[in-house]
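The data blocks that follow each hold one structure.
After this come two complexes, each holding subunit A, first together with subunit B and then together with subunit C.
Up next, the complex of A and B:
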């Protein structure tokens, strides 16, 4: 059987793959058929009838919707006949019957498929003189999404997306016929991590985001393609700005990565760029007060410290820098390398991982082609939402999903086999009962398995993760996706040597081995599991230099705070994702005040201090970034900027991670991170700050009974730290284990190696008395 | 959960009849309607838990079909046919007279909670047009006056069970078919006649 079929469209012979839909086959051959409901990434539904075309059948010519018609050999199609034109005019006239035509006040105007196609294919005038259907103008269906039902043309793109792709169908068609509307269930808002995608795919202005609403007109926007640095997925994005303000982020369809989708955090966590509270001038701490200083003065003071060759320097780097920034710090480190230095990455979960020749690394696309996916990592939906979508997509195609750990609450819902608290101990170790693993032998033995494996919480020993991987590797053809989830951490792997995490930072760093510490784009005091220890270490160091966008808890302890530009939209550079795919980061807006890029700061400092330096431009750093990669497709700018490489270049590399062994300690708590938190950028992004402000813990029913919790709120007390949180019952948790999302405000301030008292909320008790 | 044990047991029995839980949705909605007389948001929450789909998906189905009532109806749901056969045979007179008698517009319920009036599309009784239904029990061959007599009777007697054959005998005219089998099973509520749901009852 031939895989290709021949069609004749508008008198032109074209060839296409056999299992395609007519609208797709035409699209591939450059013949555009207008459409509203059909979307490449969604199942066809045939709602809007805009894609009607004529095909020849044994009974004569017939109008069919091209989005639900599969192509057959020798098919003869006419997409431009008079009958088709008449049909398109008719469909548009019907669609516009109840459309308010409020284009002058509609955000979509200018990039609106309905507007564009009405101009191109519409009848030009309406015969409808009756009253149009009316609904309340935009209603909030979630904190960040607005719905204007009058504009809706019932294409079902949003409802299909939430059902098929994200798997949280919280919006649906309500009523029928003329009264049909999209809506949520009363008091059940559209709380999806992926709700922003519905705004992007809405073919009219029915769904809008509070973030972009009334901000700009599409024809005023400047745009560029870049890469999201929110997590190690590295989704392709389009940045939009107007009047030098970043206004919007759209997903770009990168087939191997995000397929057009973004999570809401990636989409809306840019608003901090426009915040008034950003650092704009270098500051120096004098008697615990920050005063503005000239950057030249900072350079000269730091030069003096560096020029003293006895100075011991260390680095604590955030995970959101561009590759070129990491390279600049590497070069700096080389030029002062009298003592041994380490690069500490701001990641609590860093461990050796599985790289090198013995381990075959997986690509994201391998998820679809494998027989089974095994996950034993952080909760993917919370940490890498778009990777979660890709896993979900593979599962829908029939790939078996095996999930380990009570830590994986969201994946357990779609897993074929879920090893929860019965198999995984309270200390995050797989109970060594081989008979339990027999269940999955059918799925894995001799099969192609993609393993997404990483540590899910700092208390977990490195061994516990390795053990499962060894089991898989000895029984199946396993490829591994090392689940380091933080930003551009793979970029750090590719450019730095001797990398350690925050755990090693706490163990190693002291006033004795560090005189000068650079903290770059990291707020470990505000965010880390090791917050308290890091705080006391930093307080005891001679000189601490913080480079960041905002002042935060860590910066407040520093001697110098340097304002830097954001990797998102204010910098050029490159980013490397979880499959070592390097793609371009682009600059669209200027950064405010006296901000500099991290690499500019450090190279200037090198020049000021008279250190040997031969990389004074971004291109120099970029060329040096991948010294260890010898292929012709090195991901340098010249290569990345070729149109064929816009989706990125993969160059697998063995990183030099140098963490110490972490043994299991008894876990009293399970600490993790939710998608939305209270980091300094999230706090200054209006949309995200609405979503990540609530403080809560998750508990087993056991704990509710034990502590007599009834009101939905409880107090957590440890020494003089006390905070009130709400609690949610999570049946996946083993007895006695409390889940604490440490990226919510103040929840990382506890000492997790000691007991935290849980008490019924005092406020509520007082209310009960009254 | 606002459903009692008995109802939940019945619901679980219904779910077992289907290969997939969500296939039971339609019947469960009828069950909910037999309980409250309409589909309440509480019932929707219960059903969504039972069949494992979201509340709004249940709502979507329940609002699509017009026989799932979104608001409580009166004790007697009067549905007069307005489709073509009945229209030709003067159903508009029946409609206007019933409306005058009850004082109700389309899809309205009176204050006493006795009558709900609706004008509906074909009820499958074209041979006996014009026709109407009381709690989905059909009466055929009506005239405007007979329809009023029927409403009057309902208002005065307020029977707990309405039986098609009885109403046909007292108020109806020409019938589409005469099956020669007496059907004395009548409706006890506006939920369509499913014996499993106990919404039908034989008249003693």
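Up next, the complex of A and C:
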């Protein structure tokens, strides 16, 4: 804890932590100092000069920027003196002389710090009679971000964010003095996974995103606070809509989770909500043709099936449902069968994990207070981008980072120690005795360690990480974050018993044991390591019911397709993140057509079929969600909605995961997922489909040499299946290996247990000509 | 009055080859450094510098011995020579770099010995191509002789010197901007606090930043003793200084004199008087950043304190004379244009304000001024430098913004009539 110091601000005595900057200390005490460049989460630069205040010094009163001034005991500050007011008015006039009068057409107008502070502190009229500075009106600096340099007030928020927080400084100041402008480097677009944050923190309308541009005025927006369900980070978000259309997502500064930041996928993967291609009516497949049917007919047909007590029902659930949806399926299964039901989650990487004692489970905040972080999981920047930011933040504070695994390309850049192909074998096992790895020993023995551990690729054996974890547990004070990265998978853990993954689905499910299969919010045929096997299983089942927001590869194989509302903005509920933090999901916009929530569908079906059911409302399901938690701070709506709990409530919990053991096999390929793919929602979100338009694989240098690849493009061929992709050389990959991002349909159609030929694309073109 | 020749002696005696090591050594060059490294101690050297009472020649006039004393303890410490001589009117470091680079190197060897520094940099302004070539050649010659590198003069002392050329930015003469530039960053002044170079300087390590002329004085001070140096000049402004005289004088140029004579005497004797026997209307006593003096203030003494007591600064020693025919509004506009062009762009008041001042002055100078412009000028100045006091208060990180204000306040305080006379009172339709 830091010491307290006493200050006198405007004649009022206040107390503050000694490590605070003057602007923060004043803010905490309710004294607002105007500012543009200062941002709580960025290093101060003192550039805009708006936050000038007067402090008493031995040489008299001095004007200092409060955003760079560290507080000292007995400091006497005046934030409202005539000198201060004059200086602030002057700064505002300077900022405005070259600022265009765009307000009537500017997206920022109405929520613009420059507008607001001009009203509060500004001079009221302009004395500038010359011509304003001109730049070309908005220029595209990436597929989704536009930059209007005339509006820019050069606060360095975007440049600092890119440099300090996201670590991809692609946007910078060029020129100097009056000609200074923010811009990207020639031929290098602002291709950052985090670019949308710069739009959010821009204090003027200089940076705008194509998805929100000219769509609404801030005073017309409806908004609510919710939780992002894109990955298991569970970032706090604010949803904005106008005229019942979702238009924007903003990051909310949840100190323990996302600290205001979002990845671009979380921020922009909402546009599908407004897609014309949404499923709007229930459909039934008749002779391989889907026809619209009444929902009552679906209920009645399904009722007949489930009223037969011999009917065997199974569930393949996506990871994007709300906790209450999972509870509804749990209650449904209980009502139709006395035997314990397994729930299959649409996750190729689900495995037993390391839970054990509660106190061994880490919180995200533990990253900052550790001595070292050990990561052996999927590439965090691709799968949990905001957790990657938190790891970066910890590393910047001096926490050591040790990373294992070939596919962790982005983390290897910031790691103190990176164990790649020299240490980790092709089939993802540590070649050497962990206790003989000297580099890691120096950083972890006897230290506080946070381990982020999960499977990196489906080919990796389940227990390959155990040796590492046991080593850490016995040599250091280790806490673990189990890196299950998918959506609300921790919510499934908390609400369901007997959970299995897609691999178990492939091993276990057949027509023998399944008469009726519910596939809910999942497209494993379109996007899974096991897609071919899953497809043939589904094709051989009697009755398959898909609940989803779009038709897709899996839904097309179903007998019934039920349109449901999206967990993002179209329904209420709760979400549980990687540290078992449960927070609220809220509804802002209506869902189209005859869509229902997943829980509504299943409870209605229960009622229709006359099954015993005592949970007919969302509140009922919510109250039943956390059966195993007996604390007073149970994360039910009543508690979550208290203002003090908006950031969520943590309840550590050991889930009942029951996957079968997966032994490692010699890998021919690694498969994984990049941030952007072409899942059904991404295809229908324009921004994301632009960002993820490029299809590529990663190859070792060896492959390039061996197959004589030169053009940056190659063809992948397996039997009749063939596709052309770009390749990127990844030096971390072991020789002869290819990393295939399978969250793309055309890369997902291969059988990964068999050989795939890689050919230079030019040869292929030549062959085609002949 | 006469010149007192200390720093410029070698170059005057050997006008053909003073920049070469052979010539420098022939005139006992490097003997002081050698004696120092072999026979003296760092404490002794610091003591001599302190007793010489030499004050920095870059502009701020900070006592050099005190600055050296502030240097924080650290394994890595650096010396950076500020050779980014860019203040309009100043050209004294140029001759020291171009014509006596070994004197500077010898001074650096002694300085680094005193401050236990093993790596030094000479940051030369981008436009100084010839001085940079000469300095680079001199450094290479010194390496060849073993005066730089490992075990200099057979002692335990190591020193490496790196010559770095700027890219043409006035602001890089500001010491923290210079350090940023040297590190490969944008040349922008750092926030102070916390980044005082003596504590957190180059690569966040304690760093001495000294002017060329200051360090070039070190060999003479050590050879002859701090006390001897202290006897030259007057109290508070000891030793000699090289003044760069320019403007409407008969004999412009660099003159090395003891501080303490009046500007008038300096101009009349060494400067050969004003051209065509004109009167002085105004003059700049210490570079473009310094407030002007009027022609009736020529009896002010050329010392740091006398000039400061008259609300200006001796600065970098650039004396610019403006005769009675000078259009002072145009003169002020030239200076303000310079600062507007050289603003780094970080702070709003400087980035926007200096350009605005330039625009207003341009309007007035070209006869398109408005009666409201005088108050506007002063108010814009006030928003950059509140109170228009000297030394200036500022709303900016560094004094570049307030420097653009200096000529305008001079103009308004002493020559307001001249400004007003340029503003048309009637509008012809």
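Criterion: the second predicted complex is superposed on the first by the 749 of 770 C-alpha atoms of A that agree within 3 Å, B and C clash if a C-alpha of one lies under 4 Å from a C-alpha of the other, contacts with A are read in each partner's own complex, and residues count from 1 in each chain.
Quick note on the criterion: a residue touches a chain if its C-beta (ideal position, glycine included) is under 8 Å from a C-beta of that chain, and two chains touch if they have at least 3 such contacts.
None of these values were measured; they are calculated from a predicted model.
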Open item on the list: Quick check on the superposition: with subunit A as the shared anchor, is it clash or fit for subunit B versus subunit C?
Closed with: clash
- [ ] Between subunit B and subunit C, point out the one touching more subunit A residues.
- [x] C
TODO: Identify the partner contact of A:103: answer first if only subunit B is touched, second if only subunit C is, both if each is, neither if none is.
DONE: neither
TODO: In the overlay, answer first, second, both or neither for which of subunit B and subunit C A:305 touches.
DONE: neither
- [ ] Return first, second, both or neither, reflecting whether A:128 touches subunit B, subunit C, both chains, or no partner chain.
- [x] second
Open item on the list: Just checking: does A:188 make contact with subunit B only, subunit C only, both, or neither of them? Give me first, second, both or neither.
Closed with: first
Open item on the list: Once chain A of both complexes is superposed, is A:171 in touch with subunit B (first), subunit C (second), both, or neither?
Closed with: first
Open item on the list: Going by the contact rule set out at the top, does A:42 touch subunit B (first), subunit C (second), both, or neither?
Closed with: neither
TODO: Considering only touches as defined above, state whether A:414 meets subunit B (first), subunit C (second), both or neither.
DONE: neither
- [ ] Using the superposition described at the top, list the residues of subunit A that contact subunit B and also contact subunit C.
- [x] 173, 175-176
TODO: Provide the residue numbers of subunit A that touch subunit B in the complex, in ascending order.
DONE: 168-176, 183-186, 188
TODO: Sort out for me which residues of subunit A touch subunit C in the complex.
DONE: 44-50, 52, 62-63, 68, 70, 83, 86-87, 89-91, 93-95, 97-98, 127-128, 130, 153-154, 173, 175-180
Open item on the list: Could you list, by residue number, the parts of subunit B that touch subunit A in their complex?
Closed with: 41, 44, 53-57, 59-60, 63-66
Open item on the list: Please output the residues of subunit C touching subunit A within their complex, sorted ascending.
Closed with: 169, 171, 186-187, 191, 193-194, 340-349, 351-356, 359, 372, 376, 380, 382-384, 386-387, 393-397
